[in-house]
Structures are given as structure tokens and as C-alpha cells.
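What follows is a group of structures, each given as C-alpha cells.
Here come two complexes built around chain A, the first alongside chain B, the second alongside chain C.
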Partner chain A sequence: MGDEQKELTSLLAERSIRLDARASDRDDAIRQAGQALLDVGAIDPGYIDAMLERENSVSTFVGEGVAIPHGTLAGKDLVTEDALSVIRFPDGVDWGGNEVTVAVGIAARGNGHIALLSQLATVLLDPERAAALRNATTADQVYGLLTTDDDDDDDQ
Partner chain B sequence: MATIDGSAIKKLIVACDAGMGSSVMLAATLKKQLAKSGVTVEHSPVAHIPADADVVVTQASLAERARGVVPDVPVVPFQLFLGDPSVTKVVKAIQNGETVEV
Partner chain C sequence: MSERTVKVASSVGLHARPASLFSQAAAATGVPVTLTSAAGKSVNAASILGVLSLGVGGGEEVTLSSDAENADAALDQLVALLSRDLDQE
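Coming up: the complex of A and B.
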């Protein structure tokens, strides 16, 4: 568990988890998810534009009040290291007609983030754990939910 | 519409624009559902869908691009990441070795 926890925090830094954010609209929420990635040095600033561009072409809303904003294929060159951010908007954000409470920002050039996203999918398919993610108030709760809890995951 | 023979599917590709986020999540889910069926599930940017794919699952807005990349492979568009009826249909067809129209 120790190694996995360490891996998790290197991908999702504690300061990239912001659980009491406010956003005026979807684009503002995406900028905040991108800013958290920028603050840990995972991306060039232009990546945030790629995130906005991607959202305008295809929504990253995935259900259960969660969106996973990320860049385009072309924007991949602006990623310096794999990283994620978790921004929670307790008041919700209108996401093209869907309400989003949690935005998971993704910057990836490799496959380091796949196990974590797989676990996020598992959480979202379980209504109780999805609600726990939407209601999380501490980084530890977020880490707890996103720590792989089954052994049939692989890294592909 | 395309016809899919669930028993003939060996490789399912989940495609999205960047192959970075959305497709990764859906591929992870499908991989678990299809683990016992011996099907390879991979995610890919829509522009780089491998030619040996037996079926492609992608967001509805990317379906035309996917068909352009692999014209001979059935493309199944979906709207919902979690529990889309079209995706569920494909998963069931593979699990039961059935032929379905999608």
C-alpha cells in the first residue's frame, strides 16, 4: 500500500486537490483544473487552451457529476509530465446542461495515469462511492477513493 | 448500422480524440466486463485506431472520423460514458457470442 500511495501522490499532488472551489461557468472550471496542473509544473500554459478547445468539440462530462477535462491530441506536446488535479465545486457548475461537482483535470503524455483513471471509473460505477467523491472534503478521502481496491486492474 | 458477430470479436478499441482521458476510462470499464471473454480492450486516439480492430466504440461526435480511419470495421457510437445502451449491447453480444445490429 505504501508504494502505491506514493505513486498516487506523485501523480495527484495534494496541492492539486482543491475541494472548496467556485467557478462562474464551465470554462472557468476548466481553467482552474488546468491551473492546478500548471502550478505543479506538469504543463505549459498553452495546454489550458487545448483543454478548452477539446471541451468545445467534445464534452468530457462522464456522468455522476464528474467531468475529466483534458487537452487534444495536438496539445499533448504541451504536457511535461503525467499529472492529475481534482477540483470540487460544492455549488456545482453547469456543464453543457449537466451539473458537475468534481472536475478531474488530466495531463498525460504517457500511461502513468491509467491505473488512476481506471479506479475513477470503478468509483463512478458505484453510486455510493461516486457520492462520496462528490462530497469529499479532505484530500485523504479523495486518495482513499482513488486507491486501487481490486487486483484485476493492470497497467495495459 | 452495422452487424457485429460477438463470437468473432477479439479486439475492441475505445477511441477518443486524444486517447488520454475519456477513452481510457471507458476502456478500463470494458476491460473488466470482458476479462472472461478473452477480448483485448485497448484505448486509442481516433486518428490512430489500429487496423486489426474488430469493433470500435467511440463518442457519437467522433464516429464519422473513426469510420474514415477504419472503413471496414464496425463503429459503435455512444452518448453516455457510464451505462450507454449501445455499449451494453456490444458487451452482451461478446459475452454471449451473439450477432447484433448496432
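Coming up: the complex of A and C.
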């Protein structure tokens, strides 16, 4: 289990973590999440359009002030390598009526994103860690949150 | 306790889009439903984070259950939903 947790952070480059961002609207926020993926060479530029397209199909808001924008299945060929980005908007972004503080951009080929989403969702299911993510001000905090091993939280 | 077991038809499993549609539908029934993966992990079916955290793959069997009265119609509806490939894009 520890290896899977480690994988989540190895997909997240430090420069893909931006904790003091501002976005004019949801699409701008998605573009920023996508740009961070582009900057590390994980995607082709067209993938950002696929992310916007996906958002218009079904919202990627998952609660706890977090959204997980990612491309449509058709856009997977525009992914060079699996990667994540974490963009924090301290002022919040109106995400189709919900407030989003953290956008986690996801680029995955094939079925890679299932495991990623599963791990991320498990982190966010813990309200304390979700809140910590919303308030994170350093990359180390973000990494710490994504690597905490919590196999024993079934007793909630 | 009403229970149904269904094979997830969505070709890539209960990932973001199918999970979203499924959890929204579960919430809309107004009936508390528990989703249990083949691995035995249970979550609230109406919680998208819960559903995502199970990481259910295509073709995997899941169990839907509820202690509520009148749960049968809701469970049947959700089974029908999971039996379709929600991955249409």
C-alpha cells in the first residue's frame, strides 16, 4: 500500500504545485491546472481543450472544495506521461455553483487515472486532510498529505 | 436489508464520469445506499469521493444494499444504471 501512496507524489513535480494562484473563472482555473501539466512535458497542448470539454460534460467537482479536472477519454492520446498538478486558489473559484479552493489536474493514459483518482479520493475522504490541503502553503505540506498512509481509518 | 449484486458495465470502471453519474443518481433516490466493492470495502453510494476511492474496474462486481424501507425500487434503478456503459463520450 505504501508504494501506491509514493506513486501519487512521484507523479507530482514540485513545480506543478502552485499554492497562491488566482483564477478569473472555472475555465481559467482549468487552463492553469493544464498549463502546469504542459510545463512538465506531460501533455500536448490539446489536452487542455480535452479538460475543458470534460468539464462541460460532467463537473469534476468532488466536494471538500476540490475539483479534479482531467481530459476526456478521447484525449488520452494527448498524454505523454501520467502526471498531476495541484493549483490552490486561496480566494476560491466558482465551479458551477460550488466553491473550489484546490484544483488537482490529472493526466493519465489508458486506465492509469483510475488508481490515481482512487488514491486522491481516499485522501479527501478524511475531512482533516481535505482541510489541510485547502490551507496548504508549502509543497512539502502537499506531499505530506498525499503520502500519509491511512490504512487504519476504517474505524470512523 | 435489500441487496443487489451487479457487474459494472462501464468499460473503464467507476472512474470520474461514471462515478459522478452513479453517485448523483444514488443521492437522487433519497434512499441511503451502501456500495460495496468485490474487495469488501463499503462506502456511501451517494458520495462521489467514496465511490472513487473504491477504484472499481470495468467488469467488476459490486453490491448495493440498503436498510431503508422501499429501497427495492431505488436499488433496481441503480443496478440498471451500472449495467449500462456510462463511459459514452
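Methods note: the second predicted complex is superposed on the first by the 128 of 156 C-alpha atoms of A that agree within 3 Å, B and C clash if a C-alpha of one lies under 4 Å from a C-alpha of the other, contacts with A are read in each partner's own complex, and residues count from 1 in each chain.
Following the convention adopted for this analysis, contacts are C-beta pairs under 8 Å (C-beta built on N, C-alpha and C of every residue); 3 or more make two chains touch, one makes a residue touch a chain.
Everything quoted here is computed from the prediction, not taken from an experiment.
*Asks:* Would you check which partner chain A:G34 touches, where first means chain B only, second means chain C only, and both and neither mean what they say?
*Replies:* neither
*Asks:* Once the shared chain is lined up, is A:G65 touching chain B (first), chain C (second), both, or neither of them?
*Replies:* Touch status of A:G65: no partner.
*Asks:* Quick one: classify A:S57 as touching chain B (first), chain C (second), both or neither.
*Replies:* both
*Asks:* Counting only touches as set out at the top, which of chain B and chain C does A:K76 meet: first, second, both, neither?
*Replies:* first
*Asks:* With the two structures laid over each other on chain A, which partner does A:S118 touch: chain B (first), chain C (second), both, or neither?
*Replies:* It touches chain B and chain C both.
*Asks:* Between chain B and chain C, which residues of chain A are contacted by each of them?
*Replies:* Residues 54, 57-58, 60, 62-64, 68, 70, 72-73, 113-114, 117-118, 120-122, 124-125, which sit in both footprints.
*Asks:* If we count contacts the way the header does, which residues on chain B are in touch with chain A in the complex?
*Replies:* 16-22, 24-29, 31-32, 35, 42, 45, 47, 59, 61-62, 80-83
*Asks:* Okay, in this complex, where on chain C does chain A touch?
*Replies:* Contacts found on chain C: 12-13, 15-17, 19-21, 47-55, 57, 87, 89.
*Asks:* Touching residues of chain A toward chain C in the complex: what are they?
*Replies:* For chain A paired with chain C, touching residues are 54, 57-60, 62-64, 68, 70, 72-74, 111, 113-115, 117-118, 120-122, 124-125.
*Asks:* Would you pull the chain A residues touching chain B in the complex into a rising list?
*Replies:* 54, 57-58, 60-64, 68-73, 75-76, 106, 108, 113-114, 117-118, 120-122, 124-125, 152-153, 156
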